[in-house]
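Here come two complexes built around chain A, the first alongside chain B, the second alongside chain C.
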Partner chain A sequence: MGRYVFKRFIQMVLLFLVFFALSWIALQAIPGNSIEQQLRLNPNLPPEAITQALERRGLDKPPIEQFWIYTKDFFTGDLGVSWSRYPQPVSSLIAERLPRTVMLFSVALLFQYLVGFQAGKYLAWRRNKRGEMAITIAGVSLFTVFYPWFGLMMILLFAVKLGWVPTNGFIVESIWRDAPLSANRMMMTMFTSLMLVTAFIGLTVWASARLDRPSQRRMVKLGAWVAGIGAFFVYWLTNDNLVYAKDIAVHLVLPVSVLTMVGFAGVMLITRTSMLETMKEDFVLTARAKGLTEAMVRDRHAARTALLPVSTSLVLAVATVIDGGIITESIFGWPGMGQLLLASVVAEDIPVALAAFSFTGILALLGHFAADVLYGVLDPRIRVTSQG
Partner chain B sequence: MDTLQAPEESEIPGDVELRLQHEPLWRIRVRLMQKSFKANWKLFKRNKVGVVGLVIIIMFAILGIAQPILFATGVWDKRVYDVRTGNDNRERIAEMTVVANVDDVVDPNTQIDRRRLIAEGKNAEIGDVIQRELKHPWPPDRNHLLGTDPNGSDILSQLMFGARAAFGLGLLAATVTVFIATTVGSVAAYFGGWVDSFFMRFADLLLMLPILAVLIVASSFGRFKLWHLAIFLGLLGGFGGTAIVLKSQALSVKVKPFIDAARVAGGNNWRIVTSHLIPNVMPLSFLYVMFSVTGAISSEAVLSFLGLLNIDMSWGLMINKTQSAGYLLNPSTWWLIVPAGLAVTLLAGAFYLAGRGMDEIINPRLRNR
Partner chain C sequence: MTDTRELSNDAPILDVRNLVMHYRTEKGDVSAIEDVSFSLKAGESFGLVGESGCGKTSVAMALLQLQAENAGFEGGEILLNGKDLLLMGPSEMRSHRWNDISMVFQGAMNAWNPVHKVGAQIKEAMDLHVKPQLSHSESRERIGQLFEMVGLDPKMMDRYPHEFSGGMRQRAVIAMALSCDPQIIIADEPTTALDVIVQDQILSELKKIQRDLGMSILYISHDIAVIAEVTDRMGVMYAGKMVETGPTIDIFHNPKHPYAFLLLSSTPSITGPRRKLAPLEGEPPNLLDPPDGCRFHPRCPFVTDQCRTEEPPLADIGAGHKVACWNWESVPPLSEGLRK
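Our next item is the complex of A and B:
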């Protein structure tokens, strides 16, 4: 195990270096130099000022040297300064954008996996019965729906026509004019409270499985849900900053619902396939032969084993959050990492683009790595050492 | 589809071998193909999901073929129905009810506000019905079954052109993907060692790429055309995720006894890979053609929706143009955005469903037998 992890780690570092160099080359190779063009279009700038501005960004040096300087800075923790928003450091841009993406997608992923896993379990259990076809068609159409269009349709319906939620953005600026804290801070507080509640409910439900009597289990589970959700509401309703939290929450509703609708089907299909495989195993037959109820066999015996590929796919989904965020964030006007990535590539703002790319790459690498290790840990049948 | 299920030796009827001298080999092969095709078709038909997908695919294919026929037979005039330059400049009169304010206008095609009429120097009372020339975009009518866009170009015609673009792009990208992935997967599985490591690490690298961001970078290299995108997507998929899946399939074929038999019989590597390994990986490859088409159609639609492609017309571009013309979030001009988005959804979904249907044939574990 240790050797496998070490080997994979070395491979990851090498892969990241290749990825880093390739991204830099690709971004550098985009024809034309938009920064220089923009500067030259400004008639008030004398030529010396342009040269000076280019020098400040290190653009006067040959590409190889630029790459060397940039790489050295990058790996010593200096991400440089944005070109298109000149004096702003890249690290502060990312620190500003990242929490928003994290907030949006963690909530959405939570819902996606809850709904998707339940639906997939149900679907596999009812194979070739009525209802399977309808759910499959509905799920697949949501899975393959042209996502930007679907998002726009939902905005049209719920924001424009019904007016229940705002059309886009993540806050209404006028509310926040004399707010005591920044929107990002608020968001982190909301995120933390949500995660604490989820962790509390999850852990209690997990621990309740150890209780012997079903009635006890049910009581503890119910208690956990009530206590968790109750504490969440009590905390927020007595909070002085409720109005600001509400503003963010209202803006979250539509993107999260749309992401859930689009994403749950993928989880559902994975769960279904995995459940179908599991249901053929001998231990499911044994459980049935013991005389357990169908629900018991489904939830306690089959579904738990079927959870393996689903948990791996969750890790991989986390790894592709920034890339997937590009579309979501541009439709809903959510100023997160995805929009930053898109804007920086279009504006040829290489320091920002490269930082965003590296971030995405590191996330993807860690995700794949975590998925592999997790699979080995969760499923003892898989011998990790034989994979290396 | 005819190679979906390689006929097994035991399936050959005894009399075929007797007739070998009289009948050329190719005719026997054709007959066997027909036989396996019929058997597979029966299996495919049993799964309604796959049939639904196939029907939708055929409908869109007809839609795509119909447009050049309509132009050639003169039913549609190129000046009016061309996807880019077409413009219906005939006058269309509509009856409009006069209402008081702009805010009272629910449907701009049948209602007009009084202030605007006064500004134009006309006078009318609230509640009057007046005759008025209708500006583009026109709602659907007899000449334009799905209405027109803000430039006066026909939506149905654009939709048909978009269908051809989607089929062309999807099939080209999928063919490239699967051709490369089958070759790479088989070679990596057969030879193993550093060949395997090289291709699999390369696949990891491609899987790691933020695809959309990479496509955005690629499209900023200049005039990115539809077939450039198709080849690019094909390369990304072919060396990436699909190669890994097909390699694991090839690995399970490689350990079968007939590969050893072929080696014992003196077959060289090239011969074993091309005529024993690849034909047995092919069924799964066909499945991945379907899934790759879905991916390619969606990627193209997203890219043209973001306005990053240089193409005449496509479904994504139709939505992009609606957005740039400012009609996007306007429920009264639904025909500008609904048909295009629905078309992408349906066709991408249809290929996926057809793939699921084929999966039931190829994947023996899913069969109900």
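Our next item is the complex of A and C:
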């Protein structure tokens, strides 16, 4: 397993270098004036910044040298200064935007996979029974609908007509005027608390399999759920900053729901196909012959094995976070990496665009990497073949 | 196997009576099991033999009530210790699976789930059936004992199925079948797809375990030599029907149904007298539309007009040997073979 992870990590680093170089070349190739002229024509840029950029970044030098300087700067952590939001450093822009994108998309992806996997499992298991048709039609319609239009319709319905959720944005500024902490900090606390609870429940349930008696196992599992969720609620309900957390949470509801609705059907159909394949396998018959209940056969044998192709699709889904991100963040006014990327490219703010590209790339690759590791964990055969 | 004979006076633990099962398809009913009866006493081994597609595996699946969804029972009963499995609800049936009737699956089959450890897959059955429930360490100990019994290293229980060789996997399947101390084990082609040496090891392993633990085994195989080696009594199935049944020795040396005769004639014998091998020509009939009269008549060298119209009953010809054939008396001794 260690070697497998290491190999994947090295591949990921190499792939990133290729991506890094390609995005630099792509931005050099933006039609229009040369960078030097763009700098001079930019009214937001004071003359000293231009001279500094030219000298410091070597922008008057040949492209190969420019790229070399840029690479050195990037890997030593110097991302430069934004041209369109002078003099804000690029790194602070990224640090502000990146967590928001990660938050929105990881939550949405989690929901897509949870809903999609459960629905697919249900469809395969109850094949040719009532409900299958309805779910398939609903799922596929949502999957194929023109997503920006659907997003706007949902905003119209739930935010404008019903007023249940805010129309767009990340926070309501007026609430945060006297806030003792920044919205990003709040969000990180929320994210961390969710992760902690999930990890606690997951680890306890996993460890409980080692217990001797099934009654003990049940007790510990139930205890873990109650304690985890209980602790989560106690922490937040007694928290003085609950009002701020709520503000972020209500802004998350609509984008996450819409992303889940349009995305779950893909996962559902993959799960369904994979489940139908697995259900034909002999070991499912063995499981039944052993006298396992239908739910045990379904969850421990059929669905557990059907997870493998689903986790492959997760790899691909993580990568779509980049393009999906731009559309989603624009529709819902979510100030994350996607919007930053779009704005910087439109404004030809090269340092920001390059950094945004690189970081979305890193994000996608890290997702890939995590999914690869997950795949190794799920399928023991992969662990061995990659070691041998 | 003399000790098992003494037990055979007891009432059978498994009694299949006049079982009729059809698969419903779009083209019509396929009569997969037609009026099949046999019984299994404690400690006894019974063999079902026949070509592929003659209903052997359908019988095995019916015993576990794991038949395909389109299967329907038209009649008969399957009595396990006097209780009819066909009348049981799903949860009652589940409590009998593996606990009373377990199964050794074909070696070629993917009987193991690739993503779980072998030990965990055995433990899963034990957690359900073994009463009182064993603790984690107790079940590991028991699996270790089972592994030793079938000739596997107990450490292998923490390995995944793909780390086992074919023969080891089959041994582990046997260990799993034994895990809940069943009364009956169904061995469906237990040695098919294994090489001859491993095949022999597995068969003697099974025989030894049966002797030590005193359970009943139902062997199912297309290979009449395998059945002859390990069973006390056997039944020959053809096109969903039992055509000959009786003590294995009798049938093996003195087959009276033309189908059994031809099956044996097409199998070389190392120990028996030298004889000419005769191929068994033709294929089993399409069970969507089985032939009238005796189902074997289109392939039978002894066919008469009666065979084409009237179905022969399974009649006793002495010493528990039953044959379903009008002309069983004209079937020659095996040593003479078939004159062309």
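To be clear about the criterion, the second predicted complex is superposed on the first by the 290 of 388 C-alpha atoms of A that agree within 3 Å, B and C clash if a C-alpha of one lies under 4 Å from a C-alpha of the other, contacts with A are read in each partner's own complex, and residues count from 1 in each chain.
Please note the rule applied: contacts are C-beta pairs under 8 Å (C-beta built on N, C-alpha and C of every residue); 3 or more make two chains touch, one makes a residue touch a chain.
The structure presented is a predicted model; accordingly, all values stated were derived computationally and were not measured.
Asker: Just checking: does A:M133 make contact with chain B only, chain C only, both, or neither of them? Give me first, second, both or neither.
Answerer: After superposition on chain A, A:M133 lies in contact with chain B alone.
Asker: Name the chain, either chain B or chain C, that contacts more residues of chain A.
Answerer: Counting residues of chain A touched by each partner, the higher count goes to B.
Asker: Touching A:S274 in the superposition: chain B (first), chain C (second), both, neither?
Answerer: Neither: A:S274 stays clear of chain B and chain C.
Asker: Looking at A:H301 after the superposition, I want to know if it touches chain B, chain C, both of them or none. Which is it: first, second, both, neither?
Answerer: second
Asker: Between chain B and chain C, whom does A:A289 touch in the aligned arrangement: first, second, both, or neither?
Answerer: Touch partner of A:A289: chain C, not chain B.
Asker: Tell me which partner A:W149 touches in the superposition: chain B (first), chain C (second), both or neither.
Answerer: First partner only, chain B.
Asker: After superposition on the shared chain, which partner residues are touched by A:R213: those of chain B (first), chain C (second), both, or neither?
Answerer: Second partner only.
Asker: Quick one: classify A:L365 as touching chain B (first), chain C (second), both or neither.
Answerer: Once the two structures are laid over each other on A, A:L365 reaches chain B alone.
Asker: For the complex, which residues does chain A have touching chain C?
Answerer: That would be residues 210-214, 281-283, 285-294, 296, 300-301, 304-305, 308, 378-381, 384 of chain A.
Asker: What part of chain C is in contact with chain A in the complex they form?
Answerer: Chain C reaches chain A through residues 64, 66, 90-91, 94-99, 102-103, 105, 109-116, 121, 124-125, 127-129, 133, 135-137, 160, 162-163, 176.
Asker: For a test of understanding, state which residues of chain B touch chain A in their complex under the given definition.
Answerer: 48-49, 52, 201, 204-205, 207-214, 216-218, 220-222, 294, 298, 301-302, 305-306, 315-316, 319, 328-329, 331, 337-338, 340-341, 344-345, 348-349, 352-353, 356, 365-366, 368
Asker: Help me check something: in the complex, which residues belonging to chain A touch chain B?
Answerer: Chain A residues touching chain B: 11, 15, 18-19, 26-27, 29-31, 128, 133, 136-137, 140-141, 143-150, 152-153, 155-156, 160-161, 167, 276-277, 280, 320, 322-324, 326-327, 330, 341-342, 345-346, 348, 356-357, 360-361, 364-365, 368.
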